[in-house]
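This is the structure I have questions about; it appears just below.
Order of writing sets the chain letters: A, B, C and D. Residues in each chain are counted from 1.
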Amino acid sequence: MIGNKKDFWDRITSIKREIIFTIIGIVVIVPILLGIKEEVQISPPVKSAYEAIESLDPTDVILISIDYDPASMPELQPMLKAILSHAFRKDIKVIMMVFWPLGLPIGTEGLGEVANEYGKVYGEDYINLGYRPGDRAVMIDMGREIRHFFRSDVNDILLDTYPMMRDIHNYNDIALIVGLEAGRFGEFWIQYVGSRYNQRIILGVTGVMAAETYPYLQSGQIEGLIGGLKGAAEYETLIEKPGFGLTGMAAQSWAHIAIVIFIIIGNIGYFMTRRKERRVRIKGRKE
Amino acid sequence: MIFLLILSFSISAKDTPDDAGGSITINAYNIPEGTQRILLYRLAGGDTIYEEVGLISIFKGEYDDASVVDGMEYLYRGKAITEDRAYVAEIKEYISSSPEWFNKSRTSVLLLLILFWVVVLIYIQLAKKNPEGLFIRRLPPLEAMDEAVGRATEMGKPVLYVPGIEYITDAGTLASITILEMVGKKVAEYDTRIINPHFDPIVMTIAQETLKTAFSEAGRPDAFNKDDVFYLTSEQFGFAAGVDGIMHREKPGAIFLQGYFYAESLILAETGYSIGAIQIAGTNATTQLPFFVAACDYVLLGEEMFAASAYISREPRLLGSIKGADLVKSALLILIGAGVIFGTIAFIADNAGNPTYMEIFNKILEFLARAAS
Amino acid sequence: MLEILSVWIAGGLTLCILSFLYGDNPVYKFAEHLYVGFSAAYWLIYVWHFTIKQMVINPIVAREPGALMLIIPLFFGALMFSRWLPERISWISRWSIAFVVGIGAGIVAIGQVQGLLLPQLRATILPLATGNWKTNTNNLLVVIGTTATLTYFYFSRREAGVLSKFSRVGIAFIMIALGASFGYTIMARISLLIGRMIFLLGNWFHIVKPL
Amino acid sequence: MKKRIPLVITFITGFIIIVSFFIPHRPFGQLETETLIWYAIIFAFTLIIGVDSLVRLHVRQIRRRKKGWWYSIVFFAGFFYCLTIGIISIIRTPNPFQPGTAFFYGYETILIPLQSTMFALLAFFVASASYRAFRARNIDATLLLIAAVIVMLGRVPAGYKLWHRLPAIADWIFDVLQIGAMRGILIGVALGAVAMSLRLILGIERTYLS
């Protein structure tokens, strides 16, 4: 670097990559080991998602769509369990369907766990329709008749054999759609179902998709938005049922502070070296 | 004496609009306090007894009777049952259902779709006649490409071009191939080496042809080395690790990251920065734009990639789409400006007690897009 | 017993992938190829169970009206595999691709206009005299943000002039939006690591409450 | 002849979808449903084209003993393990994907740890990138980093402790400040997609046939 002795800033800005990895590893592990609990502030988008389900009554049916896979489990699985707990507590009937093939097993597992916890009966209180290919094609035709694509559920049994499905045909019979999104399917629900059939929707999204989804909240095309692990923690706080969301918050806090510090150090170092280069160049010219 | 008009419970029936027929919509008004259920009865023309059809939802005050036959005439009677008594309401004239040939609630969609498509087709014809005539503004990242290849040549280092990890059907990959052609010509002129790793075999074969033509058009067909355009792997992180390895080994002076990227974009941009290369990125993956902007020297943001490929190739269908979209954008800008002004005036007039503008304003908004119920 | 074996294998595989941090090595390549192999077969099981069986075979076996017609899309679907045969035969697979591309184009055109362009346009026409100064400023910021960004992505504007200055405002709004998305994405990545660490510490080593 | 028929198919299918959106009258509703079901069945096969090319690639690796061919053995180990437990589960239980089946056991043991750890790696790379590569090299990048820092701190309890108004500012950035720009980007992408749809339906765009 500039000048012979490696001054303070050169050493600070050239820490090896593996050390950074270890720092982040420690910063995440320690709060988990210490089991630090953190409260979270409730933000308006999550509050309105909560109120959307709170406004329903036992005669209503909600459709939960699993559009994520194990890669986004830490953010969206806690949301699934929190929303299912909220719905089952209010005796709301639940239909689950899946558009991301790799997400079906964890969706089925989450649904089974929470349903047993609240003593719900398959076929009367909740049903799992499984997966169908064709994403938007399925969404559009469910506005006409759900049996066109789903003549049977995930167990390959005809829908009409289930008491709860007898008078459910299309979106007129579904009070609210809850999309759990790790990709673009949230946009599909909004465009091909929300606008086309004037259907009430709330979305739970990963942090990656959150920013792109806010314009649809502001335009009223969705009623509520639960974003990332913090959104899951907020929803768990609202239904007073702490889960994975809240346990992860402390580690999330520490990691964010560490990354902000990295950005600041990196940039201070960057400016210091650039200023030194400019000074050398000016001196060079003068001599 | 204020005459307290207790509005009595009533129902209305109409053929459900914009449907394929076979459905009549019943609405209930002034539903009495404490109503538990509202039963709906129907009398088909010629029958004598009302038959029960279903329950009108108290929350929505609406019921969609989809069990009617087109052309048949019906009468309806609603019975709202409360704690102590039942209120009855009837409709007087017969009503029948019929299918419609055009869904009126979607007129605004039809208008915008036709307008936009006609404009695009016109511009495509214009572009066919006179490709140079259609102006597209300067794109700094495009100009920086020349300087980047030049600098890499000075330092005697190769150029690395990564086309993203999507298939040929993705618009970003298509645009990347066009940009690759331009970079190929520059590399041929400066007589530098270009390394081009691939995620998909089909995109690789297309890239090989593109570079071959670029090199021969620049007058140096022999300088093109086919082995520098190769298939690496189809696994996301395996690809990122492979390209990182190339960066450390070959130490390219200029790196181009053009195409559709996923989460691995961050690994590529970081290693590229750490070996001190000029990085020019471009992607239609909005989620990856932040990482490229923070780590690269120049970035083509989303649509700018498509404008760049239209600018380079002067293809009529690309130019037509860009210019057509531009015209719609200017129309949107004018519409938003006028709408905001009119809306503000409507609000002021409404506060001053004159709601007429307000009604017009809401009608315009409702015409554009139905508000979510 | 199987349960313990499963957690130990899962823990081991987690460490194999984490080894990638210290350079691409054989252990990582082993885990990566195992993943690609397993998920490849996963897709076959999936397409069989939910498409071929539940959407085609079951309706035909149950002799539902019009079910036999479903053989046609099944045939076109299978044609997709002819892509790897010599050119003489594989050109017919273009019929299936054309069918999928045609419908996709129709769906996208309708969805983007009805579900995005019109509602988002409507949501940007906001009054600026709502009597509450906070809403007024917020509305103004949304209107300026949208129009300035559209001006930035307007490619027919000349160098100098008002439009170019207004597009400078646009790029500022774009950078703030990208910054917000950037911050949220980092949060998402950290959450994924937290999930894995709780699996290792909880389910495998039982130091902490498992997942 | 080979190019003409696919273009006609694309035009007809695209036309059916658009027309049946605007005309509710008899044949179109039913026609749209049939077309969408056919689309779904054919689409499912596009999911497994990739599998076919992968298997052929690894067979070639093994037959030619190319460098690192034993990784292809591992590929087939994972492939046939998943295939066998899948077939067993399909025969034994109506829903092979539910907990308790052999298929779920394999999924939980192999797929979940591999896929979720692969993405968890990104947390490490984000950290090293934010230290080594995210520089405020110009006004644009500076604005980006400031907004990112505010949002990152505002979204966690630590930010609240730092300054109690920080979460409100972070929410305000999301609810108001970034709406306009994100909307502008979405509109631009949408216009590009609708123009591409026109080119595909009218056969002006043909690269997908290459």
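Throughout what follows, a contact is a pair of C-beta atoms (placed from the backbone, for glycine too) under 8 Å apart; a residue touches a chain by one contact, two chains touch by 3 or more.
Treat the numbers as computed from the prediction; the structure is a model and nothing was measured.
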Taking each chain's C-alpha mean as its centre, the one farthest from chain A: B
Distance between chain centroids, defined by C-alpha means - chain A, chain C (Å): 13
Interchain centroid distance [CA atoms averaged], chain B/chain C, Å: 14
Chain A and chain B: spacing of chain centres that average the CA atoms, whole Å: 22
Multi-chain contact residues (two or more partners), chain B: 106, 109, 113, 116, 169, 237, 263, 286-287, 290-291, 293-294, 301-303, 329, 332, 369
Chain C residues counted as touching two or more neighbouring chains: 20-21, 29, 32, 36, 39, 42-43, 46-47, 50-51, 55, 101, 103, 107, 109-110, 112-114, 116-124, 142-143, 146-147, 150, 153, 174-175, 177-182, 184-187, 189-190, 192-193, 195-196
Multi-partner residues of chain A (at least 2 other chains): 21, 24, 28, 71-74, 101-102, 130, 132-133, 137, 140, 149, 156, 194-195, 208, 210-212, 215, 218, 220-221, 228, 230, 252, 255-256, 259
Touch-based graph of the chains, sorted into line, ring, star, complete or other: complete
Residue ranges of chain D touching chain C (in the complex, touch as defined): 2, 5-7, 9-18, 21, 34-56, 68, 71-72, 74-83, 86-87, 90, 96, 103, 105-124, 126, 130, 139-141, 143-152, 155-156, 173-188, 190-191, 193-194, 196-198, 200-201, 208-209
Chain A contact footprint on chain C (complex, rising order): 21-22, 39, 42-43, 46-47, 50-51, 53-55, 58-59, 64, 103, 107, 111-112, 114-116, 118-120, 122-123, 142, 177, 180-181, 184-198, 201, 207-209, 211
Chain B-facing residues of chain C, complex: 20, 24, 28-29, 32, 36, 101, 109-110, 113-114, 117-119, 121-122, 124-131, 143, 146-147, 150-151, 153-159, 174-175, 178-179, 181-182, 185, 189
Sites on chain A touched by chain D in the complex: 15, 17, 20-21, 23-25, 28, 38-41, 43-45, 69-74, 101-102, 104-106, 108-109, 112, 128, 130, 132-134, 137-138, 140-141, 144-145, 148-149, 154-157, 210-212, 214-215, 217-218, 228, 230, 249-250, 252-260, 262-263, 265-267, 270
Chain B residues touching chain C - in the complex, by the definition given at the top: 106, 108-109, 112-113, 116, 135-138, 169, 235, 237-238, 241-242, 244-245, 263, 286-287, 289-291, 293-294, 301-304, 307, 322-323, 326, 329-330, 332-333, 335-337, 339-340, 343-344, 346-348, 351, 361, 365, 368-369
